[in-house]
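Each chain carries a letter (A, B and C) given by its place in the written order, and its residues are counted from 1.
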């Protein structure tokens, strides 16, 4: 009988990623509803200490040198026999470059259904429902959490990082992995970001620009504004893809998550890939001419005007005072 | 080509030349005297590695491949200044430059902004990527509703072709609404196509996408022929140009007039309705595709002169010498590209020209030395200085471009940019 | 070398979406279907590899409205073979799509399968890894830029936080594309028209077997503006005033 709520822990460069805590928060909620145990799965090379603040009933730690860097092959090879021997009630992976490489593969191998783009769980009487957001955030889907086993890929946004951190160190069971035979994916090197560029994840004020910006020279307005407010400019995916800002300024799923005091979103529609990276902001002010843009559901304040007009007005205002 | 026993395959250079000669006036390229007037009059000439003259020179030197390696053709906004000035009447804009752009485009060598506009046109029938179903949304601001062909009517006197920017862009929609009100108050039997309307494709053609233009022309022809109407009236000079000059080349013939021509025909009627005084000095900006390309200069001026209180002022670059707003034929979608290189915009030059270097009273005295003193000022000493300064436009590209340019030109603060339709509607109290 | 690119046609988010009368599915009536943008990148990446290293590029699409356009545009870009999958009906999930792609892939026996790492309408997983598992092929996703070195791929895997890992992956493999090495090229309309006249689409008939892996949807809806943003209104001057006040209160100005 499948049991347990499993959470696949993600880590990079010696630290547990925020998404792992969000998943633990979600998993703990699910565990409470179902009366199941919550088990964190940690894979790596000599990183047992990372398990210290994971809020879980148990941590299964798989140790092997080949697990030093993420490889989908290595992870699948290690996890598959474990899942086969201990099928979960629910397996939660991140809707990320790590989780998405694993969740679907495992699910297909064992014939488990998959819930993608899952935001949160909720209870309706006796049943547990998943809530997913699809189509760029425009459609919400609710459904019954499949039984007996289900694989879930979770997007951040509904649970806070703090909710996934435990006060007490969990029970850690170490699995010494004998060998990894079939890893055909090897790391050559990590490509570092431009040294000397701003780390937007540490900024207190961010002036974010999106597709609503028609012209690269409108960026100057954004930079002027950011400078005046003591912050930095960042952007959503389309702006980086066009080469108007370097990749280090990308806010979103493939970029950085940010937690500024104020996030000014100019001409950003608010697709989940972007908004999931701004959930830890204190105040979001969204400026967009489309009143139906999903960003207005995330923002505390909204302005239904043209981005360039507002940036110009703000710059003028600041200059005069 | 056959040189006795030697077979020489057609070079890229020769192939391009032949493609130019295939056009009705293309062979005039042979008569280029390399005077360089084209480069001199071009708004972005200084930043063009290969001006029209240099392209022709390269072709003569069998060095066309060098031209293809350069991206400078994307500085061309297809404003027709060069073609208009060329003493040899070579079709520079819509044959030479457009064909060169087509070559670049076929090779996939095209600025991203333009690519987006063209892909959007292919998919949505408009370059902005807006939903075609929302093309007629602007009519919701009016009551009673604007008649929709297809839904309400099959047959009207006037088919009003609205156009892309006039349907979707918030700044341009104001003029669209003004014109709708004028048509209604004149009792014109008209209708619009709403979501059945597709881009006329003229600017896309000038940007090199001949295939796309032909597809749109075909589509439009099919849709137009479902309805009965006596003429097309359009608020968009680009559409006007397409329907008047380009569609007939594809065998598609519909009578068409620009809205200023249409309204000028009703001038007597309109004049009676122009009740409210508009106390303004008004400079009319001749749109490239109405003025220079189609030589329509008077009807817009007739309309403006009819408005009480309006003092019509001519700018030095007027009529066929008008300065393009930068929208040109495809210039709208090369804006980021040209700005990166030139760091200035032709729309800004136009605004600089309008914002007077001298106080307005001096300008007005110079321009009309015989002006009488107005009865308004009881002391009889000072001439009546209009309280407003307005740049009047008649093309949907212009308002957004001039509004933007205003923000960067010093002294342009109180300059207003208004479409002729808006001014008329205002004076008519609509 | 054979590269296959299976593409998905998904709801265009430019149009307004609506829910059908059952309340549990999207209303297909007015829906415009377009190629999944990341699949478009996958096609571009395949063509780039073909241009650099030589390959046969095969593009596959389900028989939905707009599939023709997608396939002919791919041909105009340089795809060698176009396959249209018949018999799927209008609404099917990724598990079903992977199931019908499987025998076709086995037949082709590709060295590489490139597909978008995800699509906005993915509710039940992603096509790439599901297909990989069915074919017992290795899968790696979130790839932005790739090249070939003998029998291996050298690719850039994107991680959150802007980190990129350059990795070596042995062929054969299934790759989930996040971005092609360069943005998809522009295809002139006349080229697509040319392709319509010269390129051939192979129709492959398929029988659909319900994989029974769809979640049971109880409700599908568009989010109400529940905790919607408080809209600041007035003139641009007034709005900037209000915004500066908010910034001051936040301790930022």
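Heads up, the rule we're going with is that contacts are C-beta pairs under 8 Å (C-beta built on N, C-alpha and C of every residue); 3 or more make two chains touch, one makes a residue touch a chain.
As the structure is a computational prediction, the values presented were derived from the model and not from experiment.
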item	value
Other chains in touch with both chain A and chain B	C
Chain pair showing more contacts of the two, B-C and A-C	A-C
Chain whose Cα centroid lies at the greatest distance from that of chain B	A
Closest chain to global C-alpha mean, per-chain Cα centroids	C
Averaged-CA centre spacing for the pair chain B and chain A, given as whole angstrom	47
Between chain B and chain C, centroid-to-centroid distance (C-alpha), Å	38
Mean-CA-position distance for chain C and chain A (Å)	20
Sequence positions of chain B contacting 2 or more other chains	112
Multi-chain contact sites of chain A, meaning residues that touch two or more partners	312
Multi-partner residues of chain C (at least 2 other chains)	183
Chain C - residues contacting chain A, complex	11, 13, 17, 19, 26, 98, 117-118, 120-126, 128-130, 132-134, 138-142, 144, 154, 156-170, 173, 176, 178-179, 183, 213-223, 225-233, 236-237, 239-241, 243-244, 246-247, 250-253
Footprint of chain B on chain A - complex, ascending	214-217, 242, 289, 308, 312
Chain B residues touching chain C - in the complex, by the definition given at the top	102, 105-106, 108, 110, 112, 115, 118-119, 122-124, 129-131, 133, 208-212, 215
For the chain C and chain B complex, residues of the former touching the latter	14-16, 30, 34, 183, 185-193
Residues of chain B touching chain A in the complex	112-113, 170, 335-336, 339-340, 404, 407
